[in-house]
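We just call them A, B, C and D in the order they show up, numbering each chain from 1.
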Amino acid sequence: MSIFVDGNTTIVLQGATGSEGSFWAQHMIEMGARVVAAVTPGKEGQKLHGVPVFHSVRRAHAQHAAKAAMLFVPPRFARDAVLEALDAGIPRVVTIADGIPLHDQIQIRAAARAEGAQVVGGNTSGVISPGKSMVGMFPYWIERVYRPGSIGVMTRSGSLTNEVTAWVVDAGFGVSTLVGVGGDLVPGSRFAEFLPAFETDPETQAVVIVGELGGTMEEEVAEAIRDGVFTKPVVAFLGGRTAPSGKRMGHAGAIATGSSGTVAGKVKELEGAGALVADRPCRVGELLARVVQ
Amino acid sequence: MRLLEYQGKAVFKEAGIMVPAARVVRASENQALRDEACAAARELMSAAGIGRQAEQDPTGSSGGETAWFAPGVMVKAQVTSGGRGKAGLIVRAESPEDAGQAAVAIVEREPSVRVILLEQMVDSACELYLSISTDAGSARHLILASAVGGVEIETLAEQNPTAIQRVSVDPFMGLQPYQTRGLGYDLGFSGELVKRFAQVTSSLYQVFRANDTELAEINPLFVTQDGSLIAGDSKLIIDDNSLNRQPQFEVTREQYGTDTEYEAALEGIPYVQFDGDISLMCAGAGLTTTVYDLVQFEGGTVANYLEFGGPNYRKARRAMELCLKNRSSVILIVTFGTIARADVMAEGIVGAIAELKPDRPIVTCIRGTNEEAATETLADAGIEPLLDTEEAVRRAVAIAKGEQV
Amino acid sequence: MSIFVDGNTTIVLQGATGSEGSFWAQHMIEMGARVVAAVTPGKEGQKLHGVPVFHSVRRAHAQHAAKAAMLFVPPRFARDAVLEALDAGIPRVVTIADGIPLHDQIQIRAAARAEGAQVVGGNTSGVISPGKSMVGMFPYWIERVYRPGSIGVMTRSGSLTNEVTAWVVDAGFGVSTLVGVGGDLVPGSRFAEFLPAFETDPETQAVVIVGELGGTMEEEVAEAIRDGVFTKPVVAFLGGRTAPSGKRMGHAGAIATGSSGTVAGKVKELEGAGALVADRPCRVGELLARVVQ
Amino acid sequence: MRLLEYQGKAVFKEAGIMVPAARVVRASENQALRDEACAAARELMSAAGIGRQAEQDPTGSSGGETAWFAPGVMVKAQVTSGGRGKAGLIVRAESPEDAGQAAVAIVEREPSVRVILLEQMVDSACELYLSISTDAGSARHLILASAVGGVEIETLAEQNPTAIQRVSVDPFMGLQPYQTRGLGYDLGFSGELVKRFAQVTSSLYQVFRANDTELAEINPLFVTQDGSLIAGDSKLIIDDNSLNRQPQFEVTREQYGTDTEYEAALEGIPYVQFDGDISLMCAGAGLTTTVYDLVQFEGGTVANYLEFGGPNYRKARRAMELCLKNRSSVILIVTFGTIARADVMAEGIVGAIAELKPDRPIVTCIRGTNEEAATETLADAGIEPLLDTEEAVRRAVAIAKGEQV
């Protein structure tokens, strides 16, 4: 078992017939993802890595029912592609596009909420359950970063996640499922929305949060812990402790104004709720070792 | 992209939001600046004396004899940083000569100021706060308003939270009349002011939507004696991801404090200027921010934040050029990429060094896809390929402190 | 007990401070409606028939929680007023306005569905449970038309309803609850949506449908009967049996094109499901007598 | 309000939907009409010969040498009733002289025709159907499309239902690119045609929304040999409840078959012309429709449907005037109003009779609020106040049949 997708989850790929999409689609399949169809308007009848290509998600879904969609479409078409997947009734959508316009992201999340669906991204590497399935783009071939195990990971970053998981693995642990929610101001899904799945996932013993300054996602995790929604151990690392107020550095979502969105505030909330917070990535492993046998 | 005050006010004006009559002058040699500012102020003050009209009044309700304007003009540095008043970058001038003097004083105080706005002074009965942004959790647009304007909203939220009224807008349904009307009543307004406030709020919402803004803020929003609403300031942040569908907003030198920030923006490379010793040239937003923290933890200081991951991972030469414009004493390169391949970045760095012949040491810590090849490339070029972020940071800080490494 | 509202349902009036609204508000109160607040922007602090007036539904609702809203606002403001009521969390809304623009009506119904709320109207007399409560405008003072009893009535018309209920009363019956869904092309609520409430209402023995040509509301009732959603007897009268195809006569919703929306088609469906259909209003009473003791 | 074909096409053209080049001529004395139509046809045919261009081509993709046009022109009566082709109200003319002749023939066949449209003939490879209306149950906009055009959609729905593709649109989210694109593929299109069809569908959706239409239909939508899409007809029904916010649509005489219908429309009184014996002057839409049925059941015929309830219940005189313009033999008045008070209507009727001195009998059956006062008013004026609808209908039918009553 794993959360979000596992080897049984049927997946439709949108916009994957380009070279980059095709490259990662191949990797997804190697990782165990059950890709059943691809969608690229105008290319119906072709094949991609052995699966049939359709003009539209509806047409694909009608013949090969899919439970998840993986989008390789460029940022400016992401909104349309996500709405297409949702309209076809796909309950889980990952959009990796980096640079989706903010107002498109707002509508993506609003539409997903209205449909009761879960959209992950944009500006994310996606979701991986090492050794089982992958809906995204992770360097699973680097063993010291993506080793299967019992630690759930949720992150707003890409490269930083590689840095942190390397320390998790270094401490003798592995990853059950890693969810990249993405670095945008209005991501399709938020940390706390995955906690119920991690809570019931028998393979997850603890969760690592890779957060940063800006927004309120880390505070929502603290709230879920306090409310008893999530009872497994949580270890967090948050980037941007020393970031100057009012300056945007890095992700669109990573900005603090005044006292809101600061790492100091987030740390206070998380620690108050009983989570352990590492001040450096290299300490994540040792904090994990304290709470997980 | 944050617009300058005068650029934001031009957007407001087009949307039917009243702004004070104004003139823009550009920084130049002192005497010319003084003369230009003085002439602009004279023009504004005489227009105020004769017409007493703001530049736009869509209601048509204000006649020629309304008393909107106090004597004098405001002289305002056009920079995107906050706290202009405290920094002496906004000055009230009573005469054209004072205005000319004030303009020169501003540029002398802060030489990076390139544009100065001169505005008719508004005689306000009170000041409001109004902004539109996004609530990420609910995926709705969020309007904040307060009858206590002129204060930063974060300050107000701490000191007087009940003074802030909130309206949440469905992004598909858009702002509805009952919401703008209700907001006015909740702020304690009545009669005509409710209507005018609803109109300004609705116009600002159009600005927010039509221009792909992250934030559209008017603070203060002046209420004049006769109940007109005039934007005293503008804060418009255009979503960077939407700039290609908002071609009316050009990236100009004026919006940046330094040439390097401007050049980086043109290149699409995330870059923030600081004045420390270590130039960061990292890949991945979260990782770069974390390296920034680690440098601080180790007692170092940062010369610039620069991120050349994502679509920029083949731009090592351009990134290094930007770093070399700083007076930093070391360049610290940390990456851990997947798509941003380690081997490509390593080759780019080696090439950049060969070409640019940097005058300062470079510390590298390059991991990720094809990292073995990267390590080899760096070693072949005589660069020590570190693989531990902590170690790389410590090394850079030590170099910056002049320690033997 | 009665459906939609009863004497315990707290009601807020919107736009009732004008002369017509005030007149009918008085009648509603006389009929037993529990009016707790009124809303007219700019008139907060005033009183209407003893209840306080507020600037907005939110402000009214905050002090006098309401379970239903009755709107007397003109057609061009109806959309805004309904959305205001829904946004404040009022689950039942009656809008009587005759002449609401079609595209406003579409959005009214779409918003109600999204909120899980029930909007009745426009172009309706509203809802009445004779002797108990009234959210609308009915000549309850004419005893031969509105006598309390055990027959539920659902109608798309106004005057025709008076005509039909007079025959119901003439046959010795009375009305439990009468719901006017209104004559618009896209009414806020549809016949079939009230059937579950009539099904469980102990005071309702049978339901009379006053329908007409156009649309599919009568067919949906037939479907609900066939599906076992509604098991009590149904008697229908449908106007427009002889109406020429393609001509719009009367209500915006009353038009048949080709073979769709004809009374003949509706009669076939209803009778096929086991309902009795009167060809003249005067026969409704005798058909009722056949199925109700 | 249903627009005439040429009015609808003007809306299409403004929205960027291509329509054939056309000229409008108005019915007049035969020779003048012939000359005018002939001249218009000559102009169109020579323009087609030279330019071979439709009046609008937003794609800019069609050069001067495309073969859109067949020789000749279409001569089309501008009436809102359907079945114009079968009724001989659309004629194909090969020469200008034929066109002149056809125009005269049309007016002679159907004298109520006031406007004739002459259009360049389109050489189509195939014909599509496209419409946008509303699905009341789901409260969504409904797009219907078929590659089998030129047939009435109801007929197609019976004979070939699988040929119809449906797209359902959320009224707040609006039509999305994936929907128009998907519709094109589902219709079996490919390549450039998918894009052009998406563009036309999107434009028609804008027409549907912006003009408050109940129905926006293009049937046939021509596909030319080179893949251009041209609207062969237009059917736009503007929501009557929205006319006050759509001031561009004027109620004109052309849209109505008779003067009386036009006058009633100006007055806002629902009125439909028939050619039977009994003028209905009732209140309440459902009740009036029911009285219409009852008249038929009793073997009578209706001269006109007229409803003076709702906002018109004080307009008895105007309503009666309209009825008197018919060659009906009796006026049947049935009401059962609540807000439309019986006493007010009775007084109005008595006043109208005194003023207009109708030349035919009037049967009344007036019930509802204050019906006792109404009964008295009628009786005082010597009018028998019936109170049973069935009886009133039988009485009117008997009078119309010349029976003794």
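As a working rule, a contact is a pair of C-beta atoms (placed from the backbone, for glycine too) under 8 Å apart; a residue touches a chain by one contact, two chains touch by 3 or more.
Remember, it's a predicted structure, so these values are computed and weren't measured experimentally.
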At the largest C-alpha centroid distance from subunit A we find chain D
Contact-pair count is greater, between C-D and A-D, for C-D
Note: subunit C sits from subunit A at a C-alpha centroid distance in Å of 48
Between subunit B and subunit D, the Cα-mean centres are separated in Å by 56
So, in whole Å, the Cα centroid of subunit C is separated from that of subunit D by 29
Multi-chain contacts in subunit B, i.e. residues touching at least two other chains, fall at 170, 172-173
Subunit A residues touching 2+ other chains are 107, 111
Contact graph of the chains (line, ring, star, complete, other): other
Per the touch rule above, subunit B residues touching subunit D in the complex are 170, 172-173
Seen from subunit C, its contact residues with subunit D in the complex are 20, 75-76, 98-103, 106-107, 109-111, 113, 125, 137-139, 141-142, 155-163, 166, 183, 185-187, 190, 210, 212-213, 215-216, 220, 239-243, 246-254, 257-260, 279-282
Per the touch rule above, subunit A residues touching subunit D in the complex are 41-42, 44, 55-59, 80-81, 83-84, 87, 107, 111
Listed in rising order, the residues of subunit D that touch subunit C in the complex are 81-82, 134, 136-137, 139-141, 152, 154-155, 157-158, 170-172, 209, 212, 214, 239-242, 244-245, 270, 272, 283-290, 292-294, 296-297, 305, 307, 309-311, 335-340, 367-369, 371, 389-390
Subunit D residues touching subunit A in their complex are 173, 176-179, 181-182, 185-186, 190-191, 194
